[in-house]
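Only one structure is covered here, and it is reproduced in the block below.
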Amino acid sequence: MTPAPPTCRSGHSSAARPRPPRALRNLNAKIASVPMILTALVVFMGGTAWTVAHSFTKSRLLPKWKFVGFDQYERLWSSNRWLISVENLLIYGLCSLVLTMAIGFTLAALLDRKIRFEGAFRTIFLYPFALSFVVTGLAWQWILNPDFGIQNVVRSWGWESFAFDPLNNPETVIFGVLIAGLWQGSGFVMVIMLAGLRGIDEDIWKAARVDGIGVTKTYVRVIIPMMRPVFVTALVIIASGIIKLYDLVVAQTNGGPGISSEVPAKYVINYMFEAQNLGQGFAASTMMLLSVIIILVPWAYLEFGGKKRG
Amino acid sequence: MTLMTHSVEIRDLDLHFGELQVLHQLNLDIEQGEFLVLLGSSGCGKSTLLNCIAGLLDISDGQIFIQGQNVTWAEPSERGIGMVFQSYALYPQMTVERNLSFGLKNARLPKPEIAKRVARAAEVLQIEPLLKRKPAALSGGQRQRVAIGRTLVRDVDVFLFDEPLSNLDAKLRADLRVELKRLHQQLANTMIYVTHDQVEAMTLADRIAIMKGGRIMQLSSPDEIYNRPQNLYVAGFIGSPAMNLIEGVLIDGVFHAGSLALPMQRYDYRNGPHHGAAVIGIRPEHILTGEQITRADATAEVLVDLVEGLGSDTLVYATHGAQNLRLRMDGASRVSAGDRLRIGFDTARASLFDPNTEARL
Amino acid sequence: MVDLTPQTPKGSPVRILDGPRGAKPKTRVSRRNVMLYGTLLLIALYYLLPLYVMVVTSLKGMPEIRLGNIFSPPVEITFQPWIKAWSEACTGINCDGLSRGFGNSIKILVPSVALSIAIASVNGYALANWRFKGSETFFTILIIGAFIPYQTMLYPIVIILRELKLMGSLWGLVLVHSIFGMPILTLLFRNYFSSLPEELFKAARVDGAGFWGIYLRVMVPMSIPIFVVAMILQVTGIWNDFLFGVIYTKPETYPMTVQLNNIVNSVQGVKEYNVNMAATLLTGLVPLVIYLVSGKLFVRGIAAGAVKG
Amino acid sequence: ADLEVTHWWTSGGEAAAVTKFADAVNGQTAHNWVDGAIAGSGTTARPIIISRILGGDPMAATQLTHGRQAEELIEAGLMTDLTELAEKEGWRDIVNPPSLLDSCTYEGRIYCVPVNIHSTQWLWLSHEAFDKAGMSVPQDWYEFVAAAPKLAEAGIVPLAMGQQGWQQRIAFGALTVGLVDPDSWRKVSLERDAGVAAGPQYAKVFDAVVDARELARNSNVQDWNLATNMVITGKAGGQIMGDWAQGEFTLAEQVAGQDYTCLPGMGLNQIIDTSGDAFYFPVIDDAEVRQAQMDMASVLISKEVQVAFNLTKGSLPVRGDVDLSAANDCMKKGLAILADGNVLPSMDQAFSADTQAQIQDLMAEFWASDMAAADAQARYAEIIADAD
Amino acid sequence: MTLMTHSVEIRDLDLHFGELQVLHQLNLDIEQGEFLVLLGSSGCGKSTLLNCIAGLLDISDGQIFIQGQNVTWAEPSERGIGMVFQSYALYPQMTVERNLSFGLKNARLPKPEIAKRVARAAEVLQIEPLLKRKPAALSGGQRQRVAIGRTLVRDVDVFLFDEPLSNLDAKLRADLRVELKRLHQQLANTMIYVTHDQVEAMTLADRIAIMKGGRIMQLSSPDEIYNRPQNLYVAGFIGSPAMNLIEGVLIDGVFHAGSLALPMQRYDYRNGPHHGAAVIGIRPEHILTGEQITRADATAEVLVDLVEGLGSDTLVYATHGAQNLRLRMDGASRVSAGDRLRIGFDTARASLFDPNTEARL
């Protein structure tokens, strides 16, 4: 279509454009990534480094360079409240992980059974996710209140000895928090699971039916193992929420009764601002970070660093 | 009815998806050990029919018998059928061995029996070295074999295949086609096979059912389908390049179309001679050229428009007046666009159709 | 393995075309359905309970609340608590309820959502289609950042904002929301853009579109579902945020949640549960409505962006 | 100029009191009080206040508990020096007790305006409750403990107690001041004498807390004013709470000595501490605002405003020269003790926030568990030994 | 270098993905107006090569010239190439018209010029009625045409196609193949076409480049490739069913394998006669049966193992001793498994290879 190239072209390399230097290749992408790079380096890395560095100081109300070595950590790990916080987080985290997954998956599986009113059910299970933890905490604090909540109602039906008062018992309070946490978080996990289920090859179901494998068994032995990546996604999302657990506890129990429902994030906040012992707060948050990194780095490496896309 | 039953019988099968009727009063008898291929263009209801037979879809009306048992309401696993899917639907997290044995374990067969059957299937399909691998570590062809193996171990009467080769590349497809054919000769089970690949259908089938819009258009042997299509749809559908279809009129046993006049004396009419409007169908390879032209009942000269050399054959697109003609010639032929070519018609191998009913004359 | 001799049917030697015919009879109340819907309804009840309690309580007067049962419907419906929560409840010396927080929340919400989504989508696009050396490393750091409890970052961010002279301004807060929304949103967008056919991207390059041209003219119009998901997540997150809203702004621009906290935590003699509930509901209304309206899109978008096989 | 003021006075009585300040500022100066109330006590408010100041966008004035909280901010030069104004108005002469002004002083300069005196060592008793149980109102802590079983019999919660750490810490502090002799108290609180803290004097306190824990077993409210409300309505026999509880009684139109009784120092040691609130003025680089800050400081400490504010809030004014004839019974008790000079430094002055937080954690744990008195005392002694 | 340049020249092209070297020192000259097909099995680097030419992949070493210009580091849009993808990669949110004009707008062409070119392309491709539709509302074939149109409007020198037909069903594929051929005849641009479908390659190409593992195994006309494969790989790769390859030994111009002795006098050696181990390759259709057997240089008797009737042809799988043979016979042949069949070899059309170097003798 175009005319033949001009006749007087002597050699090939005359118009050759040199290989562009490395730094300038993909320049626009690099420019566009500046916010991400800044956030990653300055805010997350820088902020973290700053925090870790100050955890070795005797900072009080204001950050100060008064180096005290591992003093803050020693005190941290000898603090009863911190130990209880960690224990609570472990209990809550473990239960929350397992139960959120279980509930989320069960709901998704139920909804995936081609039922009527799927939209309505889905909305009902999902709406708590739209509410803040503060709201969730308040609502459940109230429902679990023995004087006018569930216990009171059941008693008013005539079952006088009925007792359901998780929030005022140090042994059970964390499970009271768990009830609210599950209520809020499982809907979102359900959506993720549902999306995952919808992605499963229809033929697998048919194959299982022809093989005579029951629905439950198909889920357990075939579908769930196939959804590994979905579970990993859900796991990461839930886990990141668990570590940050703070608002819910503050709104629902404020750490009480006593210190029996304290959690690490709350410890951090209280020591940073109320006790005005930044060093202690930073030491606690460094411990939290450390555990996050131990769990996460291998995962992130596998997920993002290792394999390359075509 | 005799005591001798068909392997699969389908009676007056109807299937709706909501408003949409996908299968219409469909009847089909399949013999013991027969290899039946369901062929049709996309969306004609092939998979739907197969799923009805398997019990994976609840039918709207009609009955289904397998080995003489009414299985209309039976569960898929109780029908004595096995199914191989297009995507194979292997359980990805289980080894090949577990894939094969999973159904049996579920049916609570004794361990030694399971081991025996798995070993047997692995032997038949030559997948013994793969037993410990997971599906992800298998090639397409190997996966396909495992999928068949999963059906094999269950000792079923009827094998159902839904386009089991269409995900593979051409070479592998050709190889596996041959293997499948051998397997059928060895096992002699009834097999129902869905495809939209004509080559597969022609090579594999004992009988082919050509479907269109939820109805069976013709159910015959591949040879019959190819050489004696029962209606225009089948005629146009089967064969690549497609049959040349020329509209004209049949007067006193001679077919006239434009300047063409083909004496149809040697034509084998279905219901005796016919007069009036007709469509003649002639396959590209039944248009004779070169020395063979002596065998022709009539000849004509055409203008070559385009030539495609396939190596083994040469396809020639030519025109005769306003009429486009496709010819298949020998791979060694040296024709090129613009040439004028003398061709001959072998009317005995042609087909005639009524343009109104579209049925074969 | 296969018996080639024709089988005689079991039972009657003469097989007639009898037996079941047509569609498998399905009772509407099969055991399976009872189980299925029963379970669903039960769980739905658990999920609805708090909402029900909040609504019912917000419509009762205080005397009725004190009488006890939180589950009983209001005998006498009153909207007074809603009015009070919206425009009369006091914090400190201001008695204008949530109403003034609402406008602020909107003012915070709109630019925050817009900016955070804009940044994250461009980042995700660069990561998916224009990888460069180190891009994945930065991304990994970013993702780990998603796990850092916000509270630990309060001080460093205060310092950053101070250096940028943005402390206390609306834009400071917008920036903070963009930073903390970045990890998850970038992940979503990156996964989504990766799932789009690479050929489209190549076609656009051959067509001479550059980095921004492809993003704006090709990628964005194809990515409505994921933008919807990102929007929903951000609206929920930013609307419900209390911590940043209160720390990085000032009283004139306090968002609704701060007002809510003030109303709920300012106990005046007795706790006015009805007002608290009304205030809570009012605050949650915006994200709730968004969820109700866009639930289906949300699921679709999640399927496209968060769950990769 | 607009003066943005942050504070956490949001309960009914508190809000009414702060309105007096706002009215005074708006009325007597050309400036405008912009209220920045943050509910949820100092825990919520303090990080906000401090971040704002550190972030370079401070408010014009803020409430802080005086004592050691603001020391570092002053040190960092973030707070406005009020010395000039103070000298001009002679604060050193009018503020009573003078220790209040000392708390505002750092290296000889004055940085805050004390606005009230709060004492925390009060036992509030409900007449209605004791009437119901058919008893007379007890006169000290031990009588109260003795009366408890009968109250319980009558279906009354003997001791109302909000289940929050700071309330438990205050109760402990109150019992300490009430039960321990002042010398021992000083040894422990000011000289950090862990030996005394572990000794028999303090053992009494921990036994008393065990008693209190028993008495409050059925009190399951969270907020202090809800606990006060139990006393007001006769659902509870008594409550240990600071003098700000007075505001709630007043709001409920109860009359001291008639509807309720207040016992400073648990009715044992007639001593109170003098903590209180103060206003600080962060440095703002704007002459007009700086002037406004001075004007406001001057208004806050002026006579009429002090009276109006403290009458509403239930606290004592920081000036000895005001007429408090309108004060009620309880306030007068407090004023009398003040006048006698039976005052101790407040916890905020004695301990750093960090140490207080540790004590509070200990108390929270102690109240919610079955920890033995001896164990708690041992841990308390440890905290004292490490205190700074 | 002459003044007259090739359309595309590739010099010593290397490409790595990390450790993996995908293209090895590849050289390729493509003439003006040539239709070059890159053919090879999956993963051999066809798409990679095409992407390198298009500038969509940064090469590791070497140079690329288009119309005599060194475009090694030029942007894709500056190379004077257009590309059609397997999935067509139409912009789903734009109408056909906008799809066509997108590239022109990016190049800031004046509006009237854009309109003119779009109209022209639409006319050539007969998609005028579709201009206002969105891609979702088009059939596969129509989409394909729009994708070509997008390239057409840009007035480029070289068209690049990456398996543009492989997403279509067999029938449509055949039709579009013909259309594409016509289009090339009409436009006479240089076209580089990637496929792994032999039929496409054979029918479309002026020259075919057979690739394997990032190297070009043979670059010749389809006829040459089919009839004179240069090495064993090409011989085995091209043709379906595949060429019969028989190992044996060449002694004094006679090829011996088992009881078979084929006189190779008529064979056209590349480098003169050869002695020693050799592999003979004979296409299924060059094994003669029936009356044609008289033309054979040697005959043998085989046992029919499996018969596949394709309608137009019949494929016969037979054995001669331990040797498997594939035969292609006429569609009308009546052979069945178990038959004994006399066959003849046409040695002039056979190929001989050195089993060590794998090269043609």
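Letters A, B, C, D and E mark the chains in the order given here, with residues in each chain numbered from 1 onward.
FYI, a contact is a pair of C-beta atoms (placed from the backbone, for glycine too) under 8 Å apart; a residue touches a chain by one contact, two chains touch by 3 or more.
None of the values given here were measured: they were computed from a predicted structure.
> Which other chains touch subunit A while also touching subunit E?
Touches both subunit A and subunit E: B, C.
> Based on mean C-alpha positions, I'd like to know which chain lies farthest from subunit B.
D
> For this structure, which two chains share the highest number of contact pairs?
Ranked by contacting C-beta pairs, first place goes to A-C.
> Averaging only over C-alpha atoms, locate the centres of subunit A and subunit C and give their separation in whole Å.
Each chain reduced to its C-alpha mean, subunit A and subunit C end up 14 Å apart.
> Express in whole angstrom the distance between the two chain centres, defined as the mean CA positions of subunit C and subunit D.
The answer is 42 Å.
> Need the CA-centroid distance for the pair subunit A / subunit B, whole Å please.
Centre separation, subunit A to subunit B: 54 Å.
> What are the residues of subunit A that contact at least two other chains?
Within subunit A, the residues that touch at least two other chains are 25, 269, 272.
> Return the residues of subunit C touching two or more other chains; collapse runs of consecutive numbers into ranges.
In subunit C, the residues touching two or more other chains are 154-155, 159, 261, 264.
> For each chain, which other chains does it touch, given as pairs?
Pairwise, the chains that meet the contact rule are A-B, A-C, A-D, A-E, B-C, B-E, C-D, C-E.
> Residues of subunit B touching subunit A in their complex?
It comes out as residues 51, 54-56, 75-78, 81-83, 85-93, 102-103, 106-107, 150, 154.
> In the complex, go through subunit C and note every residue touching subunit A.
Checking each residue of subunit C against subunit A gives 36-37, 39-40, 43-44, 46-51, 53-54, 65, 68-71, 119, 122-123, 125-127, 130-133, 135-157, 159-160, 178-179, 182, 184, 186, 194, 198, 210-212, 236, 240-243, 257, 260-261, 264, 273, 276, 280, 283-284, 287-288, 290-292, 295-296, 298-300, 302-303, 306-309.
> Which stretch or stretches of subunit D touch subunit C in the complex?
4, 6-7, 9-12, 15, 18-19, 22, 33-40, 44, 47-48, 51-52, 54-57, 59, 223, 225-226, 229, 248, 251-252
> Which bits of subunit A are touching subunit B when the two form their complex?
These residues of subunit A touch subunit B: 201, 203-204, 206-207, 209-214, 217, 221-222, 225-226, 228.
> Name, in rising order, each residue of subunit B that touches subunit C in their complex.
Against subunit C, the touching part of subunit B is residues 1, 3-5, 11, 32-33, 58-63, 65, 67-70, 72-73, 120, 152, 155, 157, 187-189.
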